[in-house]
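Please go over the structures that come below.
First chain A sits with chain B, and in the next complex the same chain sits with chain C.
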Partner chain A sequence: MKRPIVLLLAAVVLLPLLVRPVIATEIWIFAIFGLGLNLLLGYTGMLSFGQSTFFGSAAYVAGWLLKHYAINVFLALGIGVGVGAASAALVGYLCVQRSGLYFIMLTFALNQMFYFIAYQWTSVTGGEDGMPGIPRPALAGIDFSNPLVYYCFVAALFLGALWVMRRIVESPLGRILQAIRENPVRAEAVGYDVPRFKLLAFVIGGAFSGLAGVLYAMLFGIVPLEAIGFVFSGNVLFATLIGGSGSLYGPVIGSFVFIWLSESVSTLWARWPLLLGVAFVIVVLFLRGGVVEAWSRFWTWRSSKPKA
Partner chain B sequence: MAILETQSLTKAFGALTAVNGVSLAVEAGTLHSIIGPNGAGKTTLFNLLTGTFAPSAGRILYDGRDITGTPASRVAHLGLARSYQRTSVFPAFSLYDNVWTAAFATGASWGGLLWRPADRYPEVDERARRALADVGLAERSGQPAREISHGEQRQLELAIALAAAPRVLLLDEPAAGLSPEETRRMVALVRALKGRYTIVLIEHKMDIIMSVSDRISVMHFGSLIAEGTPAEIQRNPEVRRAYLGGMAA
Partner chain C sequence: MLYALMGLGLSLITGILNIPNFAHGALFAVGAYLLASAAVAIGNFWIALLVAPLGVALLGLAIEYAGIRRLYAAGHDYQLLFTFGLALILSEAIILIWGPVGYSYLPPQALRGGLDLGFTFYPKYRLFVMVMAGLLVLATWLFLEKTRYGAIMRAGIENKEMVSLLGIDIHKLFTVAFALGAYLAGIAGALTVPIRGVNPGMGVDMLGIAFVVVALGGLGNLLGAIAAGLLIGVAQALVAGYWTEASTVVIYAVMAAVLLVRPQGMFGIR
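Up next is the complex of A and B:
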């Protein structure tokens, strides 16, 4: 348990030296987004194809308040978490009534509904142009407009979010959600109201998505329409699957791989999503546990090799 | 006094009436078996008793209270626990986590549900360990459920029901698919549980039924056709006709 923490802290320190601070910041934001999704996907076994609903809603609401009322950064984050959780409660309530393919299609359809509201409501969201001009107000003399300062702030919030998620998955709730993934019928029979627990997972996942959404809006100073679109929902899903949905750290690694590929390789080669597609096919066919599983297989293989 | 009672309980699936006007009373502390040919409606009756299905008509009384229509997740909290004919466990979980999950559900308190580490519930831990020990799986507690043998999975199936600390155990063919040796062990286990719990047992193997039951109810095409002690049931001509297709009648 100690080693991942040390590796993570090293990554937090080294990342801004390797890539531009904006990219480094985006990696941790996307990781928070992935943590929220993975509570649904990896732990509860619910494939949500609509996570950007919560990400985008929080970004719009908090962004709007930041822009027009210059609210405090922490208040903005708190509101984002609240909006993420509330929108997830609404969407989740409708989705948990169904399972399997119908569940996935419902998350997708409701995502599209939110997208079209954002698209049409141009006076608030700016429609296709997005909602620009979102400030990063200074707090207690700390100037967040400095990219490195903002990076440190986001990295600290990410570590906090990771700690909270670890507590949650190691709590009874974490075990109950996994029991629902393993066998919903028996989970119900031993005394758990399965739809209600699924809804709780949605709300927690939505809160994480909301936090990520507000940080994202403040990072780029704009809420683009894509932030609430299905491509974003797909991206976080890809990233989490590539990293490994079976473990707590999978989405973090997935976020690193996904953002790094999309930002660094895309400048060299416009067809970079092809690489992503290949990576995805490999994961689905050979490595269901993603990068995390590849890593642990590598270590098993190394330690099983007789020392020369 | 009857701890579990049904009054004209009926369940219809379209044109098929799987359970038809069943009135049954299970006395507290007894082992009450339900027998009948395949498709007689025994498992459907269990599904009604545990709230998996809502009945089309009739009532279910538990401890004098009307629990008709109570959903499955609530029924478990009332003190009714079931095991399944087709093994239904949490495959990726260790045996310990399997019974822990059931023990926590009906534990004294869900305080710290989102926050307290799952290994800091001593009362739940003790109940989980006892359930595994009761069925003789204490030494395998760390092993994933998908890796143990079919016979051991049947024992785990029972342990999950026991971990809920129920008053009434509903056992749906606990010896299904077991070898003669495993069956002997399962019968010994059920016999050991007798008296500690009120047990309702569905079983096909007549020798088991006749040796462990206090009372037997016989179902045929969804209806109860006889009830009595094992000796009375063995003499009953209608039961013999249902089982032997009229040849012995």
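Up next is the complex of A and C:
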């Protein structure tokens, strides 16, 4: 367990040297978002196709307050977490009553609903143009408009979020969620109120998504309409699966791969989603389990080979 | 009527294959683009209308055979990701091949202009689409209800294990079902071209609607999909008439409500 942490700290330090700080920041934001989804997908076994609902709602609300009422950064983050959790409670309450394809379609339907509300409510959200002009207010003399400073801030928050998530999945709560993933009927029979725990997972996941949403809005100074669209939900799903769902570090690795690839390819070729689609297909057909599993498979293969 | 076609195709796929097909909208768009370029290349709308959906069906065949076939045991997350990836590939390929700007295409000479129905004046082409889609829905329905293979397909929705135990090649059935679903999406796309033209975003818009129709009709409930398709079409036109902003939101709210209250669909009996 020590090695991943060392690697992670090294990554946090080295990343801004390798890529532009904006992209480095985006990677950790996306990782926070992925952590939230992974609690649902990887640990509880709920395939939510509507995570951008919470991400986008939090970004819009906090962005609006930042822009018009010049609230302080921590207040904005707190509100984002609250909005993410609240919207997730609402959506989750409805969704946990269904499972399988119905669950997926329900998350999708509610995601689309929020999307079209944001799309039509142009006076607040700016509709298709997004909500621009979100400031990054300074805090106690620290000037967040410097990209590197903001990077450190986000990276610190990410490490904090990762720590919290680790505590959650290793706690009795995390074990119960995994039990629900493995066998919901049995978990129910043992005496756990399954829908309530699923809802709890939703709310926690939503809180993480909300945090990521506000950080995202402050990073780019805008809430684009896409931030609440279902393609965005698909992206975070993909990032999580590419890294390997069900492992704590999976979504972190996944968002690293995802953001880095998409940002570097998108500058070269405007049609980069084509390659993204190809990557989806390849991962699904040949690399199920994601990078984490491929890595461990590689190690077992190496150690099983007799030393020459 | 077009919604009914889309919904029917998607319901077939979700019902029989138990797969959330997020590429359905992209297949619709491919059908539209194939028609537009085939009509220009051949110079005959009718031949193009015959060829384009077949092209989409072939594409569907290839997709099922090369990819989806290997994913039946994989769980919804990977199926979803796969079809989502396909949708990205197809829509980007459309932009690559035909360019990011949409264009319009006129209906064939015989169907231009309108028809005086006495009480209202209606464009001839739209009437044609309604008749055509009606015939297609009817044909699909007859195929599913009255033919032996259709009966097998319905049996496949009910109980896959039993069907394969009876010595029927379930994989072939899946392939045919996917191709048929793709064909319906393709022809729906082809038929819309003279009405709305083509643009790269058309698939995404249609995808959402198709899922709404499927949810309303009930997963795998084919008659339900037809009825829900008609209903959504009418409802959208009506709501859009006096409260345009809300029409899409309302549709998804209805979808969520139906999934919650009557997951078997509005017309489901189970």
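Structural remarks
Please note the rule applied: the second predicted complex is superposed on the first by the 304 of 308 C-alpha atoms of A that agree within 3 Å, B and C clash if a C-alpha of one lies under 4 Å from a C-alpha of the other, contacts with A are read in each partner's own complex, and residues count from 1 in each chain.
Please note the rule applied: a contact is a pair of C-beta atoms (placed from the backbone, for glycine too) under 8 Å apart; a residue touches a chain by one contact, two chains touch by 3 or more.
Being a predicted model, the structure only gives us computed values, none of them experimental.
Per the definitions stated earlier, placing chain B and chain C onto a shared chain A by superposition produces no clash, and the two fit side by side.
Within the superposed three-chain model, A:Ala109 lies in touch with chain C and out of touch with chain B [touch as defined at top].
In the superposition on chain A, contact is made by A:Leu274 with chain C only, not with chain B. Between the C-alpha centres of chain B and chain C, as viewed from that of chain A after superposition on chain A, lies an angle of 80 degrees, to the nearest 10. Of the two partner chains, chain B is the only one that A:Val185 touches; chain C does not reach it. Looking at the superposition, the partner that touches the larger set of chain A residues, chain B or chain C, turns out to be C.
When the two complexes are overlaid on their common chain A, residue A:Leu285 makes contact with chain C while staying clear of chain B.
By the document's definition of touching, neither partner reaches A:Arg20: not chain B, not chain C. In the superposition on chain A, A:Gly234 makes contact with chain C only, while chain B stays out of contact range. By the touch criterion defined above, A:Gly100 reaches chain C but does not reach chain B. When the two structures are aligned on the shared chain, A:Leu47 is found in touch with chain C, with no touch to chain B. Contacts of A:Ser171 after superposition on the shared chain: chain B is touched, whereas chain C is not.
No C-alpha atom of chain B lies closer than 12 Å to any C-alpha atom of chain C in the overlay.
On chain B, the positions that touch chain A within their shared complex are 50, 52, 71-74, 76-77, 81-82, 84, 88-93, 97, 100-102, 104-106, 110, 112-118, 121, 160, 163-164. Residues 167-168, 170-176, 178-179, 182-183, 185-194 of chain A are the ones that touch chain B when the two sit in their complex. Those residues of chain C that touch chain A in the complex are listed here as 14, 18, 20, 22, 67, 70-71, 74, 76-78, 80-82, 84-93, 95-96, 208, 211-212, 214-215, 219, 245-246, 248-249, 252-253, 255-256, 259-260, 263.
Chain A contributes residues 41, 47, 49, 94, 97-98, 100-102, 104-106, 108-110, 112-113, 116-117, 119-120, 234, 237-238, 241, 245, 271, 273-274, 276-281, 283-285, 288 to its touches with chain C in the complex.
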